[in-house]
Structure formats: C-alpha cells, structure tokens
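There are two complexes below, and they share chain A, which is joined by chain B in the first and by chain C in the second.
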Partner chain A sequence: MESANRKLGMLSAIPMVVVLTLSFVAPLVVVAVFSVMPQKTFSLLNMPDFSAYAQIVQEGYWKSLAWSLGMAFAATAILLVLCWPLAYAMAKVFRRFTLIITILVVMSLFVSENIRLFGWVLTLMKGGLIEGHLRSWTGVGFDGLLYNVPIIVMGLVYVYFPFMLFPLAQGISMVPDDARQAAADLGASRWQIFREIDLPLAAPGIVVGSLLSFVLAAGALAESKLLGGQAVIVIADEIETAFTYGQDWPLGSALSMVLILIIGGLAIFGISRVDLDEIMGKKRR
Partner chain B sequence: MTKQPILRLDSIVKRFGTFTALHGVSLDIREGEFLTIVGPSGSGKSTLIRLLVGMDDLTEGGIWLRGKRIDDTPANERPTCMVFQSLALFPHRSVGQNIEFPLKIRGVSEPERKKRALELLDLLHLPRDYYGKRINQCSGGERQRVALARALAFDPEILFFDEPLSALDYRLRKTLEKELKDLHERTGKTFVYITHSLEEAMVMSDRIAIMRQGRFEQIAVADDIYARPVSRFVAEFMGEVNLFDFEGTASGGLHGKGVEVHVNGEVAEMGFALEKGEKCTLMVRPEFVRFLAPGETSDFIVRGILRNDYALGSRIQYEVETSDGTLINVEKLREGRFDGEHGEAVVLGWDVEHAHIIRED
Partner chain C sequence: MKTSRAIKVFLYLYGVWALAVLYLPLVSVSFASVSKARYLTFPIRRYSTEWYGKALESATVADLIRTSLLVAGLVTVISVTVGFFGALAYARYEWRYRRLYQKLILLPIFFPQTVLGLALLMWFNSVGIIPTWKTAVVAHIVWIAPIATLIIAIRAYSFDPALEEAARDMGASTWVTLKEVTLPLLMPGVISAGLFSFLLSWGNFPLSLFTTGADSTLPEWLYAKMVSGYSPLVPTLGVMSVGASFLVLILAIVVPWLVRSARENRPRHPET
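Up next is the complex of A and B:
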C-alpha cells in the first residue's frame, strides 16, 4: 500500500517535472553553454573558449558586479535595521493593528515598481516637489537629489521593504514569549535577550528576508536607471546591454552566470544555516 | 519562628482595568521553607507569582526581600527566578547551554560554566553526556530537570515554580514531586510553588497557602489545613469531606439536623462552645466515620441507607444517604472494609476529637 502510494505520487509528479525542466532548467543550461562560446557568436556549436569570462575581468565588468552586490548589501543591511522594530511590533505588540499595516504595505505593491519610482523622480528631481518648493519659497535652489549612489540604495530599500518586513515579522513571531521572559528572569538585559534569544530564534525570518531583498536588489535595474541615471552601471544593465545593444550573447550569458553563481551560492549557504521548515509553518518540536 | 522573613508581601493589590485580581494579600515567606500557594484556576495565584518574580507591576502594596523593597526592581535585576509552567527552555540551545545561560549572562568563564553545569546535571540525576544534547531530544521529565538545573545555576535567593508539573503524566509527576522535595532539602533554598493540585502541595510543602478569589483563605502547615480548615471552601478543596450545618442550643450544646449528638459537657472543652442560635459547620473526614454495630455508640450518630461503594485502590469509599437526602462519604482501608448490601440501613458514627467546627463570618 505504502509503496503503491509512493509510485502513484512519483507518477503524478512527472508532468510538473517535465514542465519545470523545460521552462526552468533548459534555459539555464542554454545560458551556461552560451557563456563559454567565443565572443559575438549566435550558435552553440562553436568550440568553447571562455573568452567572455576573460572579457569580464579585463574590460571592467566586474566593477558593475561589485556595484550591484555592494548596493544590494547596503540596502539589505539598511532594511534589516529599518524593518526590525516595525516587524517586532507587528509580531508582538500591535495585535489587530498588524493587519492594517500589512494591508497598507501590500497596497503599495498594487502600483507597478516603475511608476512608484517615477513618483520619486518627480519628488527628488531639480524643479521637482522638494527642490521646486524650496526654490519658490526661499529663492535658493540646488541641483536636485537624483543621480547618485545613496539615492539608488534608497530606491532599493523603498522597493524591497515588504520583502524584508514580512519574513522578519514571521521570524520574530516564532520567538516564544516565555523564552524571552525566562531570559529576563535569569538576569539577561534587553540587549542580552536580543542577542541570545531574539536573534537566533528569529534567524529563519532574518535569513529569508535578507536573501529575498539581497537577491532582488542585486538583480535590480530600474532603481539605478531611473534614480541613478548614469551614476553607476549595475550588472543587470550590463547584461541587458550585452544581449540587446551589444549583440554579444556569450558576454551576457557569462555575466548572468557569474551573478547566478554568486547569488545561488549565497542562497544555498544562507538556507543551509537555518531550518526553513519552521518558517513554512511546520511546528517546532 | 523568629527569623526575619526572606520575602514579605504587604497588602498587595493588583487590578487589571476594573477587575481586581488580588485584594491586598499579605504573607511572610520564611528562609529555607517550601511554601505552596494552592488555588483553583482564576484564584489569582499565577498573577501573584508574576508580581513576585517581577514580570508584572503591582497596583498597591509592597514586596520586601530581606527587608529591602524590590517591587520596582525589574525581573532581570531581582535575585529570584522561576521555573515556568511551559519550562521556557531555549530550543536553540543545548542542555548544557541552557543550564549555563544565567552564568553566561553574568560573564562567568567557559570552563567554570561547564564545571557548574556538570555538577547540576549530577545533582538532578541526569547523565553528564546530556550536556551536549538538544532540548528536543529530551523527554518531558528530563526537560523538567534541565529547567530546574538552569534555575539553580542562577543561584536564586528564592526559587519560584509556576505549576511546572501540570503537563506531565501521573506517575512521572509523583516521582518528580518527591524529587523536588528531596532537592529542597539538599539545596536548603527557599521554594515557593504554585499549583492547583492539593495533592502536590501536601506531598512537598512545609506550609500551604490556600488562595481563593484573590485572597488567602488559610496559611498553615498541611496537617492543619487538612484537619482544621477555616472555611467550607478549604475543607472541600482539601479532598473528600462531610459537612453538616450546626447550631448552638439554649443549654450550651450542639444541634444539627439529622445528627444525634451524644456529647454535651465536653463540647466546651473541645472548643465547640457555641452561643445559642450561632450557626457553624461541623466537618468530619470520611476516614473518621465508622459503621456502628448494633448497640455500639459514639459521640455523633447518623442513620442512613448504604447506596454505593467504590474501590479507590488501597481504600474503599462508601456512600450513605440520610433520610433528608444528604450523601455521607465513608472511607475504610481495604482490610477494614464494611460488608453490607446496597439499600441496607446503616448507622454511622464518629467521635468528637475527629470533628472540627468551622465558623465563618
């Protein structure tokens, strides 16, 4: 009976396995193979020469990669600090008010990311909401607040806020109240409770939130284009250019592969450190 | 006892909005004693213990630890600690790390922490290789011991317990009750224990405080509470009991409906003296009620019909119904069992030294 059920289960999983293989694994394989083809070729039937990877190092594409990863890291770190108090309050303090916050934050996702970023552009640009008002009131103007790295990071923080907030709140809600109380009873200060109890027990939420924010931010394009102008070129921008304007598929593929490997490695490392079952709702034993 | 109390509760009042959970409770806890606060759920005992360990603020009154007022001191600065009902072990830490937690907080060095943790494992009869075990690999009874070891590692002035045994099965509970009593003797610490189970309280405690609706009903040693309860509530809370309404007569004697009283002169000496018309409750525990043979007499006599008997293990319980429908419980040891048919007329009796008068205002 048991084994019959297992066979039936395997059998019914076949269609999904096929779909996933075709739609998910196959393109990845194509990209991986293209990345080792000679430059500016459009066929997979060439001798692999890894020249695209050499190009990344020689022609400074690694700088874009560093900018992307660096800004994603900064955004994730800021998000962690920014979201923790609110997530804590949502998980432990607000009770019914939590639902209202959830709805408000989710509602911001109803409007497309680009439109929301254009809203920021209108607010921050020279002659925009802030600079324009200031100039008309005081007569003193400035260059606007756009087109620099901090504003790109702000954009990343703004766009990926929900992706940090909700996993974090979920993680914090898994910290048992009695464990915190017991720690206090055993002499722990607030800071010690945070370090010894809150942080490790909320770790699954922290990891999931950080991974989501980091992965999305590292591959983000719109923030640097709309808010950053040409201040820095991010890796997603380079990849897009290589595939379209540059017509250099191997280079685009190689850049993609590097990004995928770095982010994939980080994700696997992060997930291996925590018990994801917990945050998926399986009860802690 | 002339010693200064280790903890003094002075007219503690706790209100939650308009609800008053504690109505000015006062109590002196003595150094080194095992005091149990017993009460049904909602009696305020859990509220009280939360105030005592500092997890909640009191509304009025004060708490003094060795003469020093502590009710404004936060929980983490009080030299007391508690074993939680849920145990509140840290699931992400090993057994050893759990036990060492209070020492780590104090900045005790690692080798010293480990040494102390192993000593505590020994003290609680846990194998030393449990040091590295995960909490979820431990059984219920083992977790209990880990929680105790962690609390003892803190080396508290007073150790509080919030019904830590309530989730365990009967046999394990019995074992741990005895272990706790034993541990109390070996450590010499002051234990304050909260439970709704009188049995638990009787087994372990030096003194018992019975709590009801936010007040202490009676604070005394177990024997006193059992034999001389101050109220019907305490009498009934402390196990099976027979209660009769009594009244003082003009001649200085006692009168109870359906009860023949064969004592008169002695009642004053026994502390039974009642004013004429003064109402009280006469209590007798089931094990002191006898089945009287024909011609036999006793100080108090009741007639009735044997309705039922129940085997309670070492004892048999009989249910006798009087003519006015009152059910009287009688308990006999198995070897002293009474052989009677259900429906048979029986005569019950008990002596004045086993009776207790409860006067309530």
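Up next is the complex of A and C:
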C-alpha cells in the first residue's frame, strides 16, 4: 500500500510539474539570462555584461522599487488592522453571516480588478458619484480625490482585501476556544489574550495573508495607473515601459529579477514556515 | 468567554459596511452604464440604454467576447484536469517530494501577474512562438491550475482513504478505483474548481496584457480604453462582463440543485 501510494503520488504530480516547468520555471530562467545581456539586445546569444543592473542603480530605478515596496507595506499593515475584527467575527461570532460574507467577497473576486478600480475612479473623481452628488445637494464641491499616493494605497487595500481576509479567518478559526477560555479564567485581560493566545496560534493565517497581500501589492500595476495617474511610477510600470516603449529587454529583465528576488525570497521564506496540511484542514489522526 | 452584545452589533455593522464598500465601485459603474451623456458627470440627468444596444451590435465586442470565452473554456478544461491529479498528489498520497511539490504549486500564486506575463512573452519569443490568444491560455493556466489544485485538495483532505483501499481490496484496478470511487468523491471540489477557473480566467487582465499578441480579451480591451481615455462603452461592457460572471455563478448553484431534486423524485435505476 505504502509503495503504491508513493508511485501514484509521483505519477499524479507529473502533469502539474510539466506545466509549471514549461511555463513558470523556464520563463524565469529566460528572464534571468536576459537580465545579464548587454543593453537593447533581443537575443540570448551575447556576452553577458551585467550593464542593466548598473543602469538600475545609476538611473534611479530603485526609487520606483522603494515606492512599490513602501506602498505594499502600508497596504499590508492597513489590511491587517482592517481585516482582523471581520476575520475574527467570521471565525468565532457570525454563523450564517459568515457564509454570506464569503460568497459576496468571492463573487467580487470574479469581477476584473480593472473594472472595480475604474468604479473607484467614477466614484471619487471630480463630478463623480461622491463629489457630483455632494455639489448638487449642498452647492459646495471639492477637487477630485484621485491621483495621489494615499489613494493608490487605498486601491491596493481594496483589491487585496480578500487575500488578507480569508487566510486570516482561517488562521483565527485554528485558535481553540478552550485556550482563550482558560486564559480568561486565569485572569488574562482582553489585550493579553490577544497577544499571548490569538496572535501566536493564528500565526499561520497571519503569515499567509500578509505575504499574499504584500507580494501581490508590490507587483501591482493597475492601481497606480488608474487611481494614481502619474503621482508615482511603480516598479511594475517601469518594467512594462522598459519592455514596450523602451524596447530594452535586458533592462526590463533586470528590473524584474530584482523584484522577483525580493518577493520570491519573502514568499519562499514565509511558505516554508507554514504547515500547509494543517492550514488547509487536514484531519489530525 | 462570551462576546458581549454591543461588540456583536458592532461586528455585524462592520461586516455590512465592508460589503457595502466592496460593491460601491460597481454601483458607480452601473449608473455610468445607463447615462445618456457622452461625458459622464454625476448626478446623472438622463438615463438611456442606448450604449447597451451599441455594444450588442458592435463586431469588435462580439470578437472580444468570443476570444474571452474561448480562452476561459480551454483554461477551465486543462486546469481542472491537471488540478485533479495535482490535488491527489498534493493531499491524498504520501510520497517523497510531496512537501516540496506543495510549495512549488504556491509560487505562481505568490507572483506578480504582470511580471509573469512579461516573462512568458520573452520565453515564447525566444523559442519562436508568436503570441496569440493560445499563448494567453498558457499564461492563465500557470496561475489558475495551482488554484484549481488547491480547491480540489481541500476536498481531497476530507475524504477517507479507506474507501479507496476497500475498492482495491475487492479487486478494482487503480484506474477503476480512480473513476468509480475517487472522482465521484471529489466531484464537488472539481465543480467548484471549474467554476473558479472559468470566472478567474474570464475576468483576468494582467496575465492577458502581454500574452495575447494581436488578439484581445474583454478585460484587456477595457483596460486599454480606461488608460487611454474615456469611452461610454467601458462602463456598459464592464457591467455586461460582470453580469455574465454572476449569471454563470447563479446557474452553477441552481442547476445542480435542480438536478438533485429531479433525481430524488425519480425511481433509481440499477447501476450498470
């Protein structure tokens, strides 16, 4: 039985491993190789000279990277605070309402993120849903709320909300009620229960949620383009420009590599710390 | 430790508020889609459905919808097939490299999609493939097949391996066991994975952005119009796209329910 399981496991993993090797690992290798090619070449058969990386430092592309990482960090921190009460309620307080929230939040995921962000543009712009109605009722208007850094962060918070909410709720549901009860009986304050019981026991959910939000937000493009106008240029935007208008594939590849190394490192570090069987609800035997 | 009444009320209100904010942009888009004016300002003075008529007549729109459907359909079939076996390897069988494999599957999900699309574009270019909607199918699969795997895996965790072992002990071959025991048991997971695959592919644009070549999907076209300037067709098509997804979702919930109640009212015929 054991050996049959081993063989079947290996066999059924084959299609997925083939898909990921051909269309995930191989493209990343190509990006890595392109990133060390001389500038403005379109072939992999040149002498590597690493000049694209030098260009990143000299021409200030690190600023875009800093903006992307900074806004992703802010969005993740805001999401943790915003989602915690709701995730807690979904795991421990609500009954039917948890199902309703789950269905409605998942449904929103099926709406293209650019349509949802465009909806925010219509809501917040001058003459939009909020400003337009306010002016027609009170006669006092204000300039649109768009095209600045806080609104980009809000867009990130909005788009990646489900990616924080669900892992967090899953993490909190792993905190046994007995442990919280015991702590309360022994005289722990609410704050102490939160810090000493909830946080450590829900840690896998916190790690997965924060990691997903941060990583996806750091590589996000549409939020800054649609909501931010030209307020800041994010790293994904620089990468796109290098590939399209710039026609400089090595530069685009080098910028991608820097981003990939940072978020890939974070993702691998985070994922290796979490027991995937446990968080996905494997029965304990 | 009971949650006090005041906190409970606060949490319910908070939940309702979160859902309201989540759907607020769609409200704006819906209003915009029925505005008569070519240049939109709120509050809307005159309503009209003329843009819907224009959208339905347009050949471009029909083309966009056909491409998007084709991509989403293929992505669903391939992702669910790969994901079904992938989930067995993920959750059901104990094998040597399982832990490593579980982590490998998560990586494409933890990856910026725009960058993934660009990486694929360079990869296709360096092996001499010209991007069309078919390459977009590949791009969607990289991200959606792992998601399908995870959804089916959740189901695979909760089933009892003893059922499979019993079938095998009674002489069923591996193939028959898979077809007669494993697949029916995992069916609910397979169906939700199919639904997710279709809808995520239908709505996805960061992956399509660089991988469709000269073809274009609906979300990609919308994005191009949003970035380059306003077109009254954008909110209209946005609402139509969202409406189509929700319709699929509702059908997917209602049809199995109808089938189940029809089956219960009918005498069972013997299995062959």
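Methods note: the second predicted complex is superposed on the first by the 256 of 285 C-alpha atoms of A that agree within 3 Å, B and C clash if a C-alpha of one lies under 4 Å from a C-alpha of the other, contacts with A are read in each partner's own complex, and residues count from 1 in each chain.
Keep this in mind: a contact is a pair of C-beta atoms (placed from the backbone, for glycine too) under 8 Å apart; a residue touches a chain by one contact, two chains touch by 3 or more.
Model, not experiment: these values are computed from the prediction.
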{"item": "Chain B versus chain C as contact partner of A:181, first or second or both or neither", "value": "both"}
{"item": "Partner chain in contact with A:95 - chain B first, chain C second, else both or neither", "value": "neither"}
{"item": "Which superposed partner A:200 touches (first chain B, second chain C, both, neither)", "value": "first"}
{"item": "Residues of chain A touched, compared between chain B and chain C (which is higher)", "value": "C"}
{"item": "First, second, both or neither for A:189, with chain B first and chain C second", "value": "first"}
{"item": "Chain A positions touched by chain B in one structure and by chain C in the second", "value": "181, 184"}
{"item": "Chain A contact footprint on chain C (complex, rising order)", "value": "1, 3, 8, 11-12, 14-15, 18-19, 21-29, 31-32, 40-43, 81-83, 85-86, 88-89, 91-98, 101-116, 118-123, 125-126, 138-139, 141-142, 145-146, 149-150, 153-154, 157-158, 165, 174, 199-200, 202-206, 210, 219, 222-223, 226-227, 234-235, 238, 241-242, 245-246, 249"}
{"item": "Interfacial residue positions of chain A with respect to chain B in the complex", "value": "176, 178-179, 181-189, 192, 196-197, 200-201, 284-285"}
{"item": "Chain B to chain A touching residues, read off their complex", "value": "53-55, 74-77, 81-82, 84, 86, 88-92, 101-102, 104-106, 136, 150-151, 154"}
{"item": "Of chain A, residues touching chain C in the complex", "value": "1-2, 4-17, 19-20, 23-24, 26-28, 30-31, 34, 42, 44, 85-86, 88-90, 92-94, 97, 101, 104-105, 107-123, 127-129, 131-133, 136, 158, 161, 177, 180-181, 184, 193, 211-212, 215-216, 218-222, 225-226, 236, 239-240, 243, 249, 252-253, 256, 259-260, 263-264, 267-268, 271-272, 276-277, 280-283"}
